[in-house]
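Same chain, two partners: subunit A is paired with subunit B first, then with subunit C.
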Partner chain A sequence: MKSMGRTIFHLSAVFLASALPVFAQAPALQAPATVTAGQSFAIRGSGRGTFYLVGPSHVLKQNVDARQEIAIAGPDVSTSGSYQAILCSSDGCINTTFQVLPAAPNRLSFLLHPSRVPVNTPNAVNGTAIVSDRFHNTVIAPAKVDFRLSLAGEDISSRSVQSVRGIGWFEIGSRPKQGALQVTAALNDTTEPRVIQQVASEACGLRMSATPGPHAVTLQTEPIRDCAGNPLPDGTIVSFTKTDAAGKSTVDTPIKKDKATAKFEVSGPAHISVACGEALGNEISFAGRP
Partner chain B sequence: MRFVLVLLIALLTVGLVAAGWVQSGGMKLRAERTASTPEEAVRALLADIQAHNWDQAYARLDHSNDIQQQDFVREIAGTDGSLRTYSALQSFDVWPVHADASHSTLRVRFNWSSAVGSLDEVRDLSVVRDGNAWKVAWPKPNFANVPLQVLPVNYLRWDVIGRRSDDWGSASVDSPKVRIISMNAVERPDSVVVLGEVENEDTVPAYVNISATLLKQDGSPLAQQDSFDAIAHSLLPKQVSPYRIDFPGVRLNQVKSVRMDAHPLLVPASADPVISVENQNVNKDALGRTVLKGSLVNQSGQIVNIAQVLAAFYDTSGKVIWVSDGYVDDALMPQAPVPFAVDIPPDVATRMHDYHVVVNHYTAPRA
Partner chain C sequence: MKLLSKTLTAVMLSATGVAILVARCGDLSVLAASLPKVVLSAEGLAPRTIEQRTGEVVTHDYAQAWQDLAGALDANRADLLGDYITGEAKTRLTQRISDQKKTGLRTLLVDNGHQVKAVFYSPDGGEMQLEDRVQLGIKITDGEKTIYSADVTQKYLVLMTPGADRWYLRSLESVPDKAF
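Presenting the complex of A and B:
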């Protein structure tokens, strides 16, 4: 309630400051047209009264003797945007406006997407960096942002992007080799590292072999890899299916140490197949008891 | 006068007790506990099972097959945290199949109320004459006897650690990528059913739920449901699960389109246990219904307390035309096969070309 009253008072002061110059003959305040966020400066004026500085994020009120300059401290103009300075005295109110521009860029907010990506996927990785100053003001002026990409065992590649209205972004395809892809956004001395896990894609060339036992046959796949030669992660499900006179038997078993293993009892002619995701493997037929 | 009052109160008390006994089914219970006919013998046995009167129930059995009471109780009441341990016999129906002077066969439909809802079970029970009474020849339970052994278990486990940062873009891990690989909306006599399959395409486990919204001709929502328990929620990488979403009381001609949503979550998971589904084949059950039968074998070393079978049925073009599910009463002991059966609707049975079975499981945390 108190803050609302204060706001109404401020707005009234702005309104009065806009209207009163028509009637009052007081000299205008003189402020620079633009100032840099966080930098101290002075506003020239005359008279004794109450000074208001109305900005995008806060309002400053102080009693001044404006026969000299009114000093504005840097922290009072840390947010970029349009400001209004108002001086109210017994003769009325006078005002002026000025712009606070962002300071030099020295911060990056960096979003890298996704956190996991299959290898060899075109345009799958995108990064967006937002350039801001030390007060978190988005720096609208173009700034050079470097994106450096490094994968273990590979050369570091980089690309430079000029930010547009505070945003610099890039899009690339994932590499053919799996592993942690480190992407670092850099602006001057500021760096923001992120990591993407490049993971194996679909299984490719899935093959299994059978080892007959007294009552059962043990099936084991060769190391399961994608088409780029990356091993599929352990835990990936591989489905074995046996069809014989007793019906169909299935087992979904996870890959362990690059291979999947299953065991089926075989007592007559049987047909066994293997699949992993969308990849179908070879098939093995038995004429009778192994 | 005082004597008359005491007599009145005593008579009133006796009357109320008698009324309570009749009200609670005492007459029926008494009739069921006399076994002068095969049906009465079965009803009396089931009444004792219902009341957990194990001694009396065991006394009603024909002991010629050397059945032990503890085995009988173990089969009926369940063990090892199985679904049967969370069940109670709610009601039963008995009807004769065959009868002669000394032997009779009766078909019983057990209706169990369980932790996952109402479950039906149909059994044929043999009843034999023993003097003037009839006794139920309960088949001797055949529990798996797995020899003592050490089974190395070294399957993977995924944990999710750390916490999400509040800073924009600073650190996050994407939800698992899952894909609805098929969807089919079919009309049943009393409902519309949306069914299909979902695959975890990612390299990490996913907890998945599927929801469907039926849209009317004007595009507004008609009804929304999710897959509830007709799905294997925890999917390991590349694992596929059928799902079924029921919309009771809706007709297909009310629906213009269906909006599907998959909701994957990143969760800790384990690749253990592995459960194989063996000797699957389509048969008729005792009631003449078409069922998919088989057996589950827990290939791990840990007891699986409750198992659920989900089966997707495909037509000749590979389209999912039905998804059935059923719970298994018994716990899955390591290396011991446990039979299962799921219903197949008659119209699906005639069009079905192939099927795929997935096992959902619940294992109680170890103490």
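Presenting the complex of A and C:
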């Protein structure tokens, strides 16, 4: 009885030993559930045939004898996303799926809006930064993004935000003083500077004076500034409008060296007004020929 | 200005009836014979709210982009990507198609519909981020041989940006199940 049991044990061992190589040759693929973008790794496989790696931006096809590991080079998995590893042999195809996750954040795409903005305007400046790794994969995990704002002659101010799904953003009002507002988005050592031109806002306290001449009256504004004292840029259009018995006539003239000038012939009673953008200035009345 | 709200009426997108947008319970949906079904939800979208017309266009153009990418991956033709796909999404898909051509592979996508949630719309209206949960049938062939076939639910993080007359798919990244 005892020897019969020993014989059965030996037969089982022999059978298993002979069967094992057969099982070992059956195709199989085993990949890590997640891999970091750009990092090489290995897929454990067994079997011989054609190996495919199909990712969002890359396809790899090679013959393998996968009794050992299939080495996957970092550049083959630089794009984050879902990958299929497929091994086809004469018995058919097997596959496994794994996810490539973004590498460490080290890039910023920074969009700042607008390029020119009037001073002292609430919520007029906004910026959006998209956080990605060195392979341009959006980094979904929260990352700290700093937005630094500086205007010549003023202290630098900054605002820190945590990115959400790879996006950090801010919105602020423009400063009271005109000039180049530099806004820099920063992520660790990566910085992306942008510049917004802050320009004078609407004219404030617009006034003109008249100088009568032999045939016409010359009108000239005082230096045109916004309510914060910033001079409106040269080229800004100022409209002078004369109203008399003949009706209305308007002269549009650009600001030159902070002032705008115009000439009107006046042959009877007339009113002349001045406007710049939404700002209305004073009116001057004439009783007749100057 | 009409904002995308919970009470939207049915809107015909084009006179030819190529696609019909149907509003239901705060969602915009593209139903068409030729376009994949896309249901867009914009509830809680921030920091900018979305206007109804913008929602309609984004919904349509995203569906169109998916139709284009499916056609391009099946035919191995990168030239089909140009109308609604740009930027990194186009670069990656073009590379994938180039690799497919070299290796003799093709990918057939059966698009069974998208549940899309708009999650970020920048203050200036220059970028919109979407989360998409899509049901896909995927078949990969090498010549005549099918090497992979599966029905999957895949999640994508999407970035859309506006152009002169349409919204472009700029970034399309598949993300893990637990991502959202």
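As a working rule, the second predicted complex is superposed on the first by the 234 of 290 C-alpha atoms of A that agree within 3 Å, B and C clash if a C-alpha of one lies under 4 Å from a C-alpha of the other, contacts with A are read in each partner's own complex, and residues count from 1 in each chain.
Everything that follows uses one rule, which is that a contact is a pair of C-beta atoms (placed from the backbone, for glycine too) under 8 Å apart; a residue touches a chain by one contact, two chains touch by 3 or more.
Predicted model, so just to flag it, every value in this text is computed and none were measured.
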**Asked** What is the contact status of A:Val131 with respect to subunit B (first) and subunit C (second): first, second, both, or neither?
**Response** neither
**Request:** Name the contact category of A:Cys276: first (subunit B only), second (subunit C only), both, or neither.
**Result:** first
**Message:** According to the stated criteria, A:Val266 is in contact with first (subunit B), second (subunit C), both, or neither; which is it?
**Reply:** neither
**Asked** Touch check for A:Ala186: first (subunit B), second (subunit C), both, or neither?
**Response** neither
**Message:** After the superposition on A, what does A:Asp252 contact: first (subunit B), second (subunit C), both or neither?
**Reply:** first
**Asked** Thinking of the overlay built on chain A, is A:Val119 touched by subunit B (first), by subunit C (second), by both, or by neither?
**Response** neither
**Message:** Let me test your reading of the model: by the given contact rule, A:Ala200 touches which partner, first (subunit B), second (subunit C), both or neither?
**Reply:** first
**Message:** Touch test for A:Ser80: subunit B only (first), subunit C only (second), both, or neither?
**Reply:** second
**Request:** Considering only the touch criterion stated at the top, classify A:His58 as touching first (subunit B), second (subunit C), both, or neither.
**Result:** second
**Prompt:** For subunit A, which residues lie in the overlap of the subunit B contacts and the subunit C contacts?
**Reply:** 111, 113-114, 128
**Request:** Enumerate the contact residues on subunit A facing subunit C in the complex.
**Result:** 34, 50, 52, 54-61, 79-82, 84, 86, 88, 93, 95, 99, 101, 111, 113-114, 123, 126, 128, 130, 136-138, 140, 164-167, 169, 171
**Prompt:** Of all residues in subunit B, which touch subunit A in the complex?
**Reply:** 154-156, 158, 167-169, 172-174, 177, 199, 201-205, 236-239, 271, 274-281, 294, 299, 355-358
**Prompt:** In their shared complex, at which residues does subunit A touch subunit B?
**Reply:** 109-116, 128, 194, 197, 199-200, 233-238, 246-254, 256, 262, 265, 276-277
**Item:** subunit A contact footprint on subunit C (complex, rising order)
**Value:** 47, 88, 91-93, 95-96, 99-100, 102-105, 107, 119-120, 122-124, 126-127, 129, 131, 140, 142, 145-148, 154, 157, 159, 171, 173-176, 179-180
